[in-house]
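Chain IDs A, B, C, D, E and F follow the sequence of writing; residue 1 opens each chain.
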């Protein structure tokens, strides 16, 4: 049994259809626990909103490590706080849906495209792709013209817009299509049938990628390197300074 | 008179020599006010520490905009929360020392190098440089092997190590050297004299870059574009959701 | 039970220690079958040798698909014929150790380095890394100065040279080290202990990456996209032309 | 008082509306003197025309340094002779409108676009952007289909065409728009109002960027590095060779 | 007299109009001999088909070197086996039409575009262009929507489609157009007349490029470097292993 | 008979050993005429010196086109005025030694290195390589620590320094070495013998590359594209403006 924690970094009221995808992604000896952030924003479309929830994500990651989880997944396609979380995750691995989806897509086709909700997201998602070094593997983003919270409203309209955006990407040369928001995930199966190319649901991608990393950690102790980017802060340093509660991990 | 706010995103106990550089950078009709974050960590060497202070940075930026400042500078070379701050800065401009130093260095030589404190910082600083699109303009980073708080201790030793790191960069082809931490800034003049190439002190660079942006904002309303990356969140959205205090701006 | 085929594209006489790593990588409900190419070269250090075995690799992949395997792994770090194999693999997935190792390493550190055997390999391995779009994630290759067949001779000497090369990479900023040859795989555990960074054994990496892709194929039919790079040749086209036996799949 | 020299590298008959933008950009204690090149071509759309005027630009820069100017601006968006001028500018700084506009735009949005006059200019402007290392920050150029001298003719038509080109850039993801010719500068205010994104007028951008560099030179002696790209020729070398008048500086 | 070998890596039945272009490209003291591969596939549109013929290409190259040819050209725009062939070509030079066309195009315009037959080819051709380091010099590929064997059928229709694809490239900024298949070569002259930009026929480009390399080899012994990528396999190594006939060179 | 013009853009007193290399590069039906610029600087190590001679280079190119030359070569490794010259060369082709050497080197090895004279040249040569799109094909430059005029003095010392720099490049992975100055050309043969890798003499490379372009121009009218970068200025435009003599072509 491998225990994963899915951290939905928004208020529980905004969880949406993620549970269904998670149920599908778990199974066998993978057990997934879900936590969300009561009182948090309902979506993270802005860099500012994202920044507001990262401290709580980090605390959740830390606690998860202490509780014996083997992997944590930060359940938003912006991968908020991913690198920070890897510093403080102890023996766990931490996964983000964007990174996981892109890395898996790399093995399924030579170029991938990403369907985002609104044009505003493009800079953030491309920023991630550049950071992950994968700019040359993508045909870029196409926007469905919908906010995160719109995906749960009129499903027929959402499907139509997602499909249009996905087709734009395919015409640009995308061989696989990544759904660029966990709120889009539940449209994955149907879109794949219509489009005839793999449509990567970031929820399933992230869970399975977390699972394989957790397995490799068990098997070979391949965790996040403690040299360089993911060096961990010295234990107790923050406490030693007597930082305020809001600055604690 | 142009009023700038320098936000030192650490506890006041760790302010160091920044004040001296700031005094020098202001003058004329530039007025700089300094704020730090009581109870915050004493340095931000880790992505996690950085993430912990960004919410408070954003709140400070917002308040500054309401108080009529024309520019805010986030006083850490990691440029923590820079893009998020630009979403919520209203009519102000927001500047980060890393971005400002790199952009100015681009006009002074064809290649710049950055002296960081510890190897750990390299990934973060290079991440910034890649995001700013300037990877081809840099010869990379060299490390002095010192943490942020070490720079205020033995000045002679610090100078020696900074100089060694800077010389490594010059040998690699750096035509200008950027000091990659506000805590290194006070060594700038002396290093420049020894090295014979411009040594960019990120405090002075950031203040003056903020000043020119503020001027251009006055003159021509060239602020951060509200289309794309720096689109502002809808006014009152967070309040409408009734988010917890810790998730407020 | 998931059945994977490990194709060792060299003569069985040159199989080396791969079996041991494979045993470790399988387990649970993963069953691995191994096939090698009797009469084939004993290593593939040259592009020419590699080219000579690819037709037989492709035939093996095709047969494996017909025999109901869910994944095939081409057991050489050059990933010989990977893209060709993906065209003709039907419902299977096909994985190469280089691609799998690099993609997994991307999640474990910000920069990886690759220990190759001889300088000659560098161009080929870098060619792969560039094709996979990951040039910005690597600090490059370091050579142990040993051919493929040398790794099975004097283990103490091989270990020493591999360690030296790995340390070179760490000094250049590598946060994880990838062993750039399946013949180096058996040194992985010991090297990791000495180096203190994750040392990716390409055999284990490839098997586990194949496993997760096979799982996702079952779960969601995410196979290699049939649009673009991995479009499959029309069934029977070669036969229709009456090509010679040596040109058949 | 800081004295800047604006070098308009064309015949005075072709000066156009630049004076108006210059008046606006100066003010306070910035004094701008303008010089143009009597008998020179009326525009520099071709690499060849540009090359013809560079020697005279260099002589003008040299003289300006001797006359005590603190900055010279080469008033053409191709930045003709910028790197050469930096070698011979002594204690002055030298600025080009393209470089200045691009560097400032980097702080105002994540992606900028450039409105050029004719398709012919694209290669030259992109060449500049690549040299400045900013290829990843731009969505490229869009052409208004007008030559330099056309911008002073039918202002209504010019405005329409500039706006169309700018909108093309915004649709491609530009968050700021740079006017890619000093002859386009006088349309900046009006275009910005219509487009709702910052429209960078290269005249104002260059003057203010020159001003901040000049200030930093005064404050900290940060001039163009004399190591590497901008190393100055040995004093008197040309004279020592007895070169012809046309080869003198 | 310089003797070149044109290797048409398909069955003679599929040779098409190449002979005519070859006749034109030879002349003077260049003598071209043509060899094709009886029983081979009729086209190489797929990576798999390409892989099947590479061993025979390599054998042909080796024999050619022994027979005293000075250059061999692998007559397919995928440049199949180019790097492998350079390892085993002894004192000959080996040229591929894609590489030769791209390198020559670089001197004729700042950006080139490539007309491919089907969308499927794009990944392969772009892969070549990336390997050759020329990604920044191309505006990419446009597809005529025709397979290799279609180009010999309805010439009027083929011309129309090639022209449409070429115009797409010119609108994207291509200053020269490369015909991305030897089967397209015979349309080159006519297309060039219609388009008004150089249209590179890959047959002529490859022959002439091979000629200049052969000349330089004679004059200065500039052949493929035997250090690094094109290091030759040790003489007799394969024979020493007693590899099967199908694995011999 | 093909007539080429070699333009040595320096004073005849500084011609050096170029004639010998030219003699070798011509022969057969290639006739080379040499012209230098009396009264010009003795070397072009600085951007400024280069700029001073470009107008005269352009006039020489124009006249050469009128006199029926089929190709002109700008005999300096900085390729001074190459793009400008291509605008005004009429039916000729124009070649630069740097571009020609790099393009030919691309076919001889996967990575090339360039031996420059002084560190100062690195920025200029790398600027060329970046403009030519070949940054990923080079291991960079190494400096011999000698100015242009030093190469004709102590040949033994020069050889030693060139060899040291070349070895540095080989150790960095260079498979071919390009001599980065026409004044280094006469050391090519001897260096190649010592190094065991192709050593590209830029004089021979440029002449032969010019020859193949001239041939292709004759055969197929493949000249510099008149669309985009190398669009020619309208005939008589400069004259129509009545520009001064120094601004004429």
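Convention: contacts are C-beta pairs under 8 Å (C-beta built on N, C-alpha and C of every residue); 3 or more make two chains touch, one makes a residue touch a chain.
None of the values given here were measured: they were computed from a predicted structure.
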Those chains which touch chain F and also touch chain E: C, D
From the options D-E, A-D or A-C, the pair that copies E-F, where over half of the contact pairs coincide: A-C
Length of the line joining the C-alpha centres of chain C and chain E, rounded to whole Å: 29
CA centroid of chain B to CA centroid of chain E, Å: 52
Mean-CA-position distance for chain E and chain A (Å): 44
Chain D, residues touching no fewer than two other chains: 83, 110-111, 119, 122-123, 127, 130, 135-136, 173, 175, 227-229
Touch relationships between chains, expressed as pairs: A-B, A-C, A-D, A-E, B-C, B-D, B-F, C-E, C-F, D-E, D-F, E-F
Contacting residues of chain A [partner chain E, same complex]: 110-111, 136, 173, 175
Residue ranges of chain E touching chain A (in the complex, touch as defined): 119, 122-123, 127, 130, 135
Residue numbers on chain C that touch chain A, as the complex places them: 24-25, 83, 93, 95, 99-100, 103-104, 106-111, 132-137, 170, 173, 175-176, 188-189, 192, 196-198, 200-201, 204-205, 208-209, 211-213, 215-216, 219-230
Residue ranges of chain D in contact with chain F within the complex: 11, 38-42, 45-56, 58, 81, 83-85, 87-88, 119-120, 122-124, 127, 130-131, 227-229, 231-233, 237-238, 241-244, 246-249
